[in-house]
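Per-chain numbering from 1; labels A, B, C and D assigned in written order.
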Amino acid sequence: MQYTLLILVLPLLSFIVLGLVDSKWSPKVAGTIGTLVLGIITALSYLTAWEYFSMHQVAGVYEKVIPYNIEWLRFTEFLHINLGILLDPISVMMLVVITTVSFMVNIYSLGYMVNEKGFERYYAFLSLFTFSMLGLVVATNIFQMYIFWELVGVSSYLLIGFYYTKPSAVAAAKKAFIVTRFADLGFLIGILVLSFYSKTFDFGILTSGNPSVFASTVGVSFMGVSVMSWALGLIFIGGAGKSAMFPLQIWLPDAMEGPTPVSALIHAATMVVAGVYLVARLFPLYIVYAPDVLHGIAYVGAFTSLFAAVIAVVQTDIKRVLAFSTISQIGFMMVGLGVSGNGGHEGLGYMASMFHLFTHAMFKALLFLGAGSVIHAVHSNEMNHMGGLRKYMPITNWTFLIACLAIAGIPPFSGFFSKDEILSACYEFSPYMGVTMTIIAGLTAFYMFRLYFNIFWGKEHKHEHTPHESGFAMALPLVFLATVTVFAGFIPFGHFVTSDRANYNIELDTVVASISVLVAACSIALATILYRKESAVPKKLATTFSGLHSAASHRFYIDEVYLFITKKIIFNNISKPLAWFDRHVIDASMNGMAGTTQWFSLKIKSFQSGQVQQYAYVFLLGTLAIALMVIFI
Amino acid sequence: MDYSSFLQMNEEFSLLMVMLFLLIYDIFAGEKGSKYFQPIALVLFAAHTLLNCIPRDAFSIAGGMYQYVPMQTYVKTILNIGTFIVLLQAHKFLNEDANRIKRGEFYFLTLSTLLGMYFMISSGNFLMFFIGLETASIPMATLVAFDKYNRKSAEAGAKYILSAVFASSISLFGMSLIYGSTGTLYFSDLATLITASPLTIMAFVFFSVGLFFKISLVPFHLWTPDVYEGAQTNITSYLSVISKGAAVFVLFTLLTKVFGHLVTQWQPILYGLAVVSITVANVFAIRQQNLKRFLAFSSISQAGYILLAIISGTALGMTSLVYYVLVYMFSNLAAFGVISVIENQTKKVLMSDYNGLYQTNPRLSFVMMLALFSLAGIPPFAGFFSKFFVFSAAAQQGYYVLVFIALLNTIISLYYYLLVIKAMFLNKSENPIEVVKSDFPVKLSFVICTLGILLVGLFSTIYDQIGLLSFGM
Amino acid sequence: MNFLSLFVLIPALMMMGLFLSNSRKQLLFFMTAGASLLMIFSTVLTYMYFTERAAGNAATMLFTADTVWYSAFNIHYSVGVDGISVAMLILTSIIVFTGVFASWKIDPLPKEFFLWFCLLSSGVYGFFISTDLFTMFMYYEIALIPMYLLIGIWGTGKKEYAAMKLTLMLMGGSALLLVGILGIYYASGATTMNILEIAKLHIPIEMQYYFFPLTFTGFGVLGAMFPFHTWSPDGHASAPTAVSMLHAGVLMKLGGYGCFRVAMYLMPQAAHELAWIFLILTGISVVYGAFSAIHQTDLKYINAYSSVSHCGLVLFAILMMNETSATGAILQMLSHGLTTALFFALIGMIYGRTHTRLITEMGGLMKVLPFLGVCFVIAGLGSLGLPSLSGFVAEMTIFVGSFQHTDLFHRVLTVLACSSIVITAVYILRMVGKFLLGKIQDPHHEHLTDATWFERISVVTLIFFMFALGSAPFWITNMIHESVLPVIGQLVK
Amino acid sequence: MELITNFLSGSVQIEAYLGLSLIMFFAGIYGFLSRKSLLMILISIELMLNAADINFVVFNRYLYPGHLEGFYFTLFTIAIAACETAVAIAIIINIYRNLNSVEVGNLDEMKE
């Protein structure tokens, strides 16, 4: 499977070429090149998937295939960063997801971005992102993953800040980068701790299940917690940063300042699930060495999910709603992983989580692209600037509806299947978890349909010019993704991706399924009542629960807390005093030495009085002093 | 008595002949002949220098009164070169109408101080030493007061003669006590007879302060800045380099050869003096505005550095000392040369006058900068090497703390040297010093100094040659 | 004399050429010719180095030559290079080369500027090829003093104060250093000042206790070690572009190089015993420099504090005393040299257009100066350790290496040092966000012109090498790694 | 009393001479430090020099009677002292011409 290398190399080349030519080529050419390259690598990914899943199964277990693994940077005899390609079920699945969504977004952007300045730059960045993301998922070792992890962060920064003359975009880009960077610090330290004990970065060795790898960690603890928990916990912080888990979720809503296709690609479908992917990748370690951390992940995921869902209910910016919904859904995936066991039915959560990752990527991309289409039409992100658009934008309307149904978990759309598996896994873990997640699922259905009705139904808003359906380039991806969303649920996912890479037959837990469908249906019904026609109820509710409402619309003031920490504490109370200290203490002490010398110089100038008798006096005193000194010492 | 052995005093006789010839020539030369006075004087002196630069075997004459060791040739040659440079720099000054009549005296006095130093260096007896010392300092007083219509010059002369005589009388008293406690004045005998009795130590201290005065170490230095400021600049440079150079050499030989038994006494003395001299002089130098005073303090601190070589008391120290004097001579004479050239033409000696000098006189500023960098001990200039060797000599004997203090002081010294450089290169001035013209001899002196500063450090032969002879010390 | 001396001779010849030349064209000719020659020469040297090593030459230093200079002190003019020196020579030649292009339009007194610049560079080259303590120290000082005039005459802002401060503080460092060097020489009882020879001898441990701190601090001052770093912000901020580049890019590396080659190599026992003190100090540098940078508004100050942080990391890694972290330290020297030079070059170019360096007075420059802006972003990303740029390779090697230390204290410190990468991101992005992105604040900035061709050469060369080091580190890491081994071997012993 | 008799009878103790020379020396120093007139200062210096001379002579006479070094030294010193005085007087005259005064306190144009 040597050709997999091309999947990485082509987007990189595309980035370099597009980046270097800058604006010398016409935008069309640049867009075509970018899209073409993506098309090729999408095809290659499908080929890989087909070849991998059909041919690399040994005794019912998918084997790991490593077509490339080159030593890139050697630290010590055992620790070296390799660059390579690791194919196993999850990475192959991710290849498919990433290339598909990326390809769709590339096509979509041809229509969406066509009038923007810096079209080439946009495509260059997209290529860079795709390259980094692909590199991340096929990483053969944890450090390669970290490298591409950082690259992904940077491309995200570049894309969020694409409208660099817009201060809010610049601020959002900065925020996204710094928050994730902070989390990456945890990741890095986790890697350091892990590699210190295991003496390897390689996933193959790390996840081999061989206890001798971690023999040196036995009984070693730091501050009362075992080092493996530390290592894996810290690594999870990295994942939590990228995947916008509480309390590191603050960057994601702001990241919506970027162009909408970018949000679809990076901040919905691919990059934000990197954290999930990371946990999945190291799942064998979590389950064996730090089950408590894994449970922690489940709780963090559940809380984040709930938290984001509540906020999503009150947001009015459609992209923000989608952003919070994304956070919430990633929470689902994390919960899935967190509650999972290993192997067979035990590993249901793992499988479900991956499945949800896959389906979510499709329908969330669809949602974003649909939202982009709407924004493109009405030139606004605000819900109350919309309404009644279904007449003008039928394709968008229908595809959006499909996506909403999928995310709400209505059969037979794909979201139903994956979410249902997660819920089953949760119930098996603990009933409380199951109930909580079911409620969140209900909330999801509610806010999604609130969104849907607000956009496409309700009172028509006056527009400067009549909204119209987008062109072919934008419609095609919508339709494609909608199709996938409809049918993806029927993929026998357990045959491809499971925690132990062996086959597993998914069985629908009818009780759980029916409960969740019921809850979802009720929520949808509620949303329909409230938002299909204009009504005063939502406003009333908002005023009744004004405290909760305003807290939720301010995202529970988490941003303010951060702002307080960064601005007030770090900037004003650490950095500023330090800068002051540097100038007025350290530097002043250096200057003080010079000043003292000068002062001393001034003080002793009277010795040089010009009086020759005084000179002789000093002379004599000097002589006597020397004589006394020598005789008596 | 065989007087022919006296003829072995080559240097002294040769110098004496030059002096006498010039004296007679100056008296009897007519209008026409006096035109050639300076060229002839310079050529003769150069010839004298060249003739006497080859070391001979050690000998001792007049019953040990006069002792020659080969190293002295180098020291005398260095003094000769220095004097030669000073004479070159004084060329223009002496050609001025007001001074033309006095130039015979100038030469005679200068050379007689040099002769005194010769004797001082080669002396093997305190009498000889004392005569040499006084021969070196009494004419110096007249030189300092050379410009007799200048109040400053007169004042400087008075200060110099009074201080000098005061110092030499204390020194003489010390000598008398040494004589009293040992019964001899010969260095060779003293070396064995001296014991560390309180009287001897007292005598030694009294005696040595006379030399400390000449080297102008703190606290015996107070006359230095005033005299340097008041004297005509060429004489100042002579005073700062030649007379000091001779004195440090003599101090070293006396301490090691005569007072070797008192080593435990004089090492702490020198230690303290070095620290005090370097520090106090540096601290004073920071504030100086008059460049001559400024260089006076600088030369005091340089003397402190030289003590580091003396304190080691080793052959290495000796070599380093002579080398240091050589380098110091080039650097200091270059600096004083620039000052004198400018002062002669414009009467400006303040640091603020030097603002923007580089715009009008790039060459002079360049020479000045080289000189100051060399004095500050910046590579690749010779001063760096000499400083390093001196420190090295002290460190070899374990004086790390002293070296450290000295090095910290180099920072202060670098600061004030940079102040001058700043004035010349960085500062802008409304009315900078006009373009200064200098005649050929002055230019020649700058060339010699510059070459000295640039090359002495890079060519190790010079040091090695000095080193070859220092083992006899 | 062997061919390595050319590194010193070429600048010397350049100086002569400059001295004789009298038109601007000639000046530039001599400078570019000389600088390119140096660059070619360092490439050739690298090539030769690799072939020698490939041929199995396992000597510590290659191409050694030894001429007695001052026999009384056993001072030899001895040269030789190992992987570390070669790396440093490459760095120096890159920066000298780009520095020349960055100062194409220097005014006034171009001739004098280039003369001092040459002297400075010859000092740096000489330092890296020397294996003799004395010549090393001599070159070290040669490199220091031209700074005064370079900053004082051609600088900006509080240039006289800054120049004086920089010179005096660095001289203070060299004062400590000289005592240390003399101590090493005499305490070891060596009959040579050659480092390699002294390393074979044993310096009594109680002597090491005195001289190790002196030597390390002496070099540390130049490496901007806390609390002796304050010359760096003022000095760099006031210096003209090329000088900032050379100084921050190369001269500060003399500190790290010296610490490693002299202090640690020759006094391993004391290094072991006393490392913790300096680890704390350098650890403070790393975090403190980064935090201080956040609050600055002057571009050059930001970068200067960032240098404090990054150079602190160099010393920090050296003190961890294992081969990986030491390799990382050398890589960090290279990486920081390139990055910071690029920064200073760009800041200088931007300042030349906007006449301000305060980020509060600029904004949206990306729009009018796209080339410079993009390069600035690249420099920023390099500085904050983006993979594929040099900073990442260096920092990761350091962190991984340092974390391999078996002692918990060292690992905790490593974690603290790691945190600097976040703070770095903060100030870099703040800086970029404030003055490159956003809206144009000053209407005068609307009509600025982008980089000229000679500026582009300078910038592109630096970026090229940043990528070369960051994307394909293996070509140089092996070279460095094997050269680090002798020193580490000494330390482990 | 014994001292005086001894002195008169010609057998004076060496301590007496040494005492005298010390007194002369320090009197000279005192004079140098306290006198206002340059001439008086000069005379004080002469006292100091002569004190040393006395020492030489006395040491030679009492302690090392076989030699002549001390006597010679004294002779030379007297000559040198004369030279010094001559030069000093010349300079003082010059000072007087410039300042119309020979007060040492006026020599303070250069200081600090």
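Miscellaneous remarks
The definition used in the following text is that a contact is a pair of C-beta atoms (placed from the backbone, for glycine too) under 8 Å apart; a residue touches a chain by one contact, two chains touch by 3 or more.
Please read all numbers here as calculations on a predicted model, not as lab measurements.
More inter-chain C-beta contacts link the pair B-D than the other of A-D and B-D.
We define each chain's centre as the mean of its Cα atoms; on that basis subunit C and subunit D are separated by 66 Å.
Each chain gets a centre from the mean of its Cα atoms; for subunit A and subunit D, those two points are 98 Å apart. Measuring from the averaged C-alpha position of subunit B to that of subunit D gives a distance of 28 Å. Chain centres here are Cα means. That of subunit B falls 42 Å from that of subunit C. Residue positions of subunit D with contacts to 2 or more other chains are 32, 41, 104, 107, 109-112. Residue positions of subunit A touching 2 or more other chains, listed in rising order: 594, 605, 608, 610, 612, 616, 620.
Looking at subunit B, one finds that residues 158-159, 162, 166, 170, 225-226, 287, 415 touch two or more other chains.
Working note: touching chain pairs come out as A-B, A-C, A-D, B-C, B-D. Those residues of subunit B whose C-beta lies close enough to touch subunit D in the complex are 126-127, 130-131, 134, 138, 141-142, 145, 148-152, 154-159, 161-162, 165-166, 169-170, 172-173, 175-177, 179-180, 183-185, 225-226, 229-230, 287, 293. Per the touch definition, subunit A reaches subunit D in the complex via residues 605-606, 608-613, 616-617, 620. Against subunit A, in their complex, subunit D makes its touches with residues 29, 32-34, 41, 104-105, 107-112.
The residues of subunit C lying in touch with subunit A in their complex are 165, 168-169, 226-227, 229-231, 233-234, 288, 291-292, 294-296, 323-324, 364, 366-367, 370, 381, 384-388, 392-393, 396-397, 399-401, 403-404, 408, 411, 414-415, 418-419, 421-422, 425-426, 429-430, 433, 436-439, 473-474, 477-478, 481. Remark: subunit A residues 594, 597-598, 600-602, 604-605, 607-608, 610, 612, 614-616, 618-623, 626-627, 629-631, 633 touch subunit B in the complex.
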